[in-house]
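The letters A, B, C and D name the chains in turn, as written, and every chain counts its residues from 1.
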Amino acid sequence: MTNQNELDGFYEDLAAAQLIPLWTAIGDLMPSTPRSHAHAHLWSWSELCNAAERAGALVPVGRGGERRAIALANPGLGGSPFATPTLWAAIQYLNAGEHAPVHRHSQHAFRFVIEGEGVATVVNGDAVPMRRGDFLPQAGGNWHSHVNNSDRPMSWIDGLDIPFQRQIDSTFFQPGAPSDNGGDDIVVPKEHSRSERLWGRAGVRPLSHVCLDASNPLLVYRWEVTDAALAEQLELELEGVPATVSPGHAAIRFTNPVTGGDALPTIRAEFHRLRPGASTTEGREVGSSVFQVFEGRAEVAVGEQRWTVERGDVFVVPSWQSLTVVSAAGVDLFRFSDSPIMERLGLARAPLWDVH
Amino acid sequence: MTNQNELDGFYEDLAAAQLIPLWTAIGDLMPSTPRSHAHAHLWSWSELCNAAERAGALVPVGRGGERRAIALANPGLGGSPFATPTLWAAIQYLNAGEHAPVHRHSQHAFRFVIEGEGVATVVNGDAVPMRRGDFLPQAGGNWHSHVNNSDRPMSWIDGLDIPFQRQIDSTFFQPGAPSDNGGDDIVVPKEHSRSERLWGRAGVRPLSHVCLDASNPLLVYRWEVTDAALAEQLELELEGVPATVSPGHAAIRFTNPVTGGDALPTIRAEFHRLRPGASTTEGREVGSSVFQVFEGRAEVAVGEQRWTVERGDVFVVPSWQSLTVVSAAGVDLFRFSDSPIMERLGLARAPLWDVH
Amino acid sequence: MTNQNELDGFYEDLAAAQLIPLWTAIGDLMPSTPRSHAHAHLWSWSELCNAAERAGALVPVGRGGERRAIALANPGLGGSPFATPTLWAAIQYLNAGEHAPVHRHSQHAFRFVIEGEGVATVVNGDAVPMRRGDFLPQAGGNWHSHVNNSDRPMSWIDGLDIPFQRQIDSTFFQPGAPSDNGGDDIVVPKEHSRSERLWGRAGVRPLSHVCLDASNPLLVYRWEVTDAALAEQLELELEGVPATVSPGHAAIRFTNPVTGGDALPTIRAEFHRLRPGASTTEGREVGSSVFQVFEGRAEVAVGEQRWTVERGDVFVVPSWQSLTVVSAAGVDLFRFSDSPIMERLGLARAPLWDVH
Amino acid sequence: MTNQNELDGFYEDLAAAQLIPLWTAIGDLMPSTPRSHAHAHLWSWSELCNAAERAGALVPVGRGGERRAIALANPGLGGSPFATPTLWAAIQYLNAGEHAPVHRHSQHAFRFVIEGEGVATVVNGDAVPMRRGDFLPQAGGNWHSHVNNSDRPMSWIDGLDIPFQRQIDSTFFQPGAPSDNGGDDIVVPKEHSRSERLWGRAGVRPLSHVCLDASNPLLVYRWEVTDAALAEQLELELEGVPATVSPGHAAIRFTNPVTGGDALPTIRAEFHRLRPGASTTEGREVGSSVFQVFEGRAEVAVGEQRWTVERGDVFVVPSWQSLTVVSAAGVDLFRFSDSPIMERLGLARAPLWDVH
């Protein structure tokens, strides 16, 4: 029988040699199913807006911090500014007349607009006006800045894979000069960016850009399109045509027109609509998600948590925790997740919502 | 030294044993560059229309022949009804009130409409109204029929990979009953098919149909979309933005929204527009193409051939023959080719038109 | 009711305009299942050897014909030197001291040796000695020649995709100078080529050649390896381990170590062994095959044909014709087919032999 | 100008709301190039062996801890038992007559043997004897156990992607019963596992196993094969044939015969040999590596670190840190890395060693 003193001495010697036994750690390292350190958590829109406005009054935008963005920090992740172990979610705020400076990085990013307008995201010199409901993907490696030429402040949600790339040490970052991104006097069109004009039509791709790399050339997915697609699914359902995920639950996924796959290499983005009185099926998947309520109100169950959510509220679904959404009034939900990482590496299991 | 008699006897014995020496055949079998048996050839639209109308008066549509389609037979292909060694092109004609019966086959197909309306192509029970400028792909294996519920005849161009699949012996064909394709009383919508309503918006795919097979779910690419995309490219060019293939030459490729690749597994389809006074660069590629003039007029050079072409005219570009199009008045060209076969098998070389 | 004269006049006018109605041709063009023009056919080894030897005596090798190869001409293919609509099979013969000159071409090729040795195939300057049972793939685009430095003639089987590439007009050919392929004094190693030394070990690839194109770098698959793999499968079967295709039927497929896929982009190659008393299941597939008996004797049924085959005999299985092999004495069969074409284009159905 | 009190109050309110500003964290989150928390670090073989032997004396193997494995804990990773942010490396030890129990998990794993024999790894009922120099990959999801039927203890190195899968919350684990893996009386063959007998020959795959999933079916890569491949490269180099990575530096990568790609979906494994007097070029790459000296001695520079390493020593190269190895005496190095993660997600840059 082992002497406890002997064992203690052994463990001390191991620690001194930078060695750790598996048998004392296996429960946390190799749980029977994913057991995330992240919590199911909810941030209210009013809190996010309030924080953004105060930052707008107190903190300059520009070199050093690069962006006036405030990250949603999951309470389970030890004080890191990470919404989930792989995903970053932040609210960004730009005052009238402000510019967020040009830079580029290996992280994949997107913007999603809950309300307001007046800002343009400029990508490689192409200015894209941002409006409520728009989804703007931003694949890693492209120069970009944000320009508020209007007379009002604006805020939006940034989503990135910062936690993931930080963890695997694949992050590159480079500040730029205005000339890297269309110059100081960038012209912001009223309606459509060049990207939309070249890539914004279904099923037709410009022959002039056949040999693009994997970057998504479509820089914005307009709300009008998303809204119409969701409305159409519900209408088809009423006509008896299979079009929804489950009764009363319409959903679309944003795709890269070059590949038909996800809009970003590491991030999936979707829009969901529940008809009044409808609910989702209960589901769970490998990998984490962040949801934002775009409009309406719903009851949400994530694992053991229960919330009532409404416009602008953001909540997190950790890996393998079950999710159900029920909406008496009807609800529109924006969602993003790390599913492409799981799928590309063969680690995915069944999708969150099976089609019924 | 070999005795000629001995050699003759040897060749006779070989023939009797179903054997043929390489050294007597190598020039045709293994030319230094592709030397197609197909000819560069032109069919005029008036001739095609005239043939279709006479067929409409003389020949019934229906079981037996299945379709009232008349194939363009390349003069170099020994009397076969093949436009090129891999591609079938035909004009199909349907009288007021006629139905072309339900069937399905392994061949990939499409319809392209030069003029007229009133017919719907019905695919797996989804009726798609056809109108001028529309491109309707039809991947192999789907039930389909054509329904003319109008009071006027209509004709259009069919493109298929019949010659290719006939050659490699991969052809399956199955006649159907009306119940296989929406029944006898199929409802034809005024505007949009279900397919368009689910798949016709850029960058958004229905979550209800994530696990589709490789079949293209988008059953029609509308002229309004194609036209706008081409116009936009020329406008961007005027603004100094790289958008065209070469000066004054706009072009789009029809793509499958599920994969971002070609609209059909064996057939590429594109639309080209030359601004008045513009011309294409000279190019050639491995594989054959069929062009149809949609609108306008142009001077075309294919290998040693020179033609003036106008609305509705169809011409063939055999493999590796050079092509140049010059248009004083401006021209819109529809094109289809066997490029996906070449690319999937690693046999392609440079594309027909390099981007400048 | 249509006047027959009117119809005749119509058809004449169509013919004059290079137009052919579908309804008169559809039966051959679009059969309900593949109905190949090719026949099931058998060539005896003695006939092939006899033809090769006579050619060796009567016909020089070299520029002009390039190779002293005699093609197996399927009786259903109208006098073309094609074994099947897609595949070329020929016996090649080289006298003591002869060289078959350097060339390269887009066609994919292989050599398979039934008996003899003394010749080396030289690929991009790497000399590969050929011996009984060896399979030597030769992807398109590589310089190659054949060198007989021995004092005896040698013959072997060439397989290529000439008919397929001729049909789709993708053929390029280029004669070379000796300096393109190792020079006139090429050193032929006794045992192993450079290719085998770098690529001939399972599961290990040289880091020095990570960025190769799709060409197969393994230039020969030695009989010792194939034989051992087949023997092992039958032994495992006796031990009760699932290892054979069906009872008594062992089989391996030759694969490209870079991709794990077929040894050539358009040609599949396999080796099959039936234990004495065993038989294959009955099967058929989309696409055509050529078999050669390597050793032993068997009863073969292809569609309606029945043959007894033995060492060196070659037979053809057209697309979708059923095949069964029964062997009282045991038999080793080499097989090649056009399956990669079918699979890459999505035209394949079930494989010839399902695993039981 | 902002009042510091006001700012402090703002930051406190943010913290209370689980919000963190980007501008205070961006330097660590988005460095200009990867700046890993992991350190370049070295563990000596004697220390590892000593720890393993003491564990063998003090700690039982079996349910609860599952394995008597001691992890190498990178001093930069805050006390986690992780060699790098993505990779686990441990020494495992099994006494004479011991069994490590059956389990399976989503983590991908391998074993690598520096010295000793007598243990078999059993995978889905197939017992694989382990010997010096052998590399045994173990794709996620397969039942496995370790059996020491000999009269001596044995230890080896385990490599897994535990840190990566723990971070992204994709971990599943399931204990098994003996019957899940061949039973208590598993027969260990003297030489070859079934896996080797079916899959251990280059370029030939069993037709009976064509439809396998992505799991690597080759369960062991034997030292004799690796050694011969490395020796051959150095010999070819002497003959003037391009075969090495750089002068005197031979290297192979272990590949999955089904795909030609890496032996495991998330882990790359390689073997390197430096001829006496040779050195590697200096290189760095995105992603981390673990090296173990198999034989010989070398001077290693990783970033600012300099070590002399010899048989059994293990060292870590964090992401983007430069590496050079110089060896007066000659050295054999085993290496594993997370490169497949980077490559599958499009995050890789140039490889560690460019070929010269």
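The working rule: a contact is a pair of C-beta atoms (placed from the backbone, for glycine too) under 8 Å apart; a residue touches a chain by one contact, two chains touch by 3 or more.
This is a predicted model, so every value here is computed, not measured.
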{"item": "Minimum number of chain-to-chain touching steps separating chain B from chain D", "value": "2"}
{"item": "Relative to chain D, chain with the most remote C-alpha centre", "value": "B"}
{"item": "Comparison of A-B and A-D by number of C-beta pairs in contact, larger one", "value": "A-D"}
{"item": "For chain A paired with chain C, centre-to-centre distance based on mean C-alpha positions, whole Å", "value": "52"}
{"item": "Between chain B and chain A, distance of the C-alpha-averaged centres to the nearest whole Å", "value": "41"}
{"item": "Chain A-chain D separation of Cα centroids, rounded to whole Å", "value": "32"}
{"item": "Per-residue overlap in chain B, given as positions that touch at least 2 other chains", "value": "none"}
{"item": "Chain pairs that touch, as defined at the top of this document", "value": "A-B, A-D, B-C, C-D"}
{"item": "Chain A to chain B touching residues, read off their complex", "value": "194, 197-211, 218, 221, 225-226, 228-229, 232-233, 235-236, 241-245, 251-261, 263, 270-271, 351, 353, 355"}
{"item": "Chain A partner contacts - residues on chain D that touch it in the complex", "value": "2, 6-7, 10, 13-14, 17-26, 28-36, 38, 41, 43, 47-48, 51, 54-55, 58-59, 64-75, 79-81, 85-86, 90, 105-107, 140, 162, 164-174, 214, 265-266, 286-288, 318-320, 338, 340-342, 344-347"}
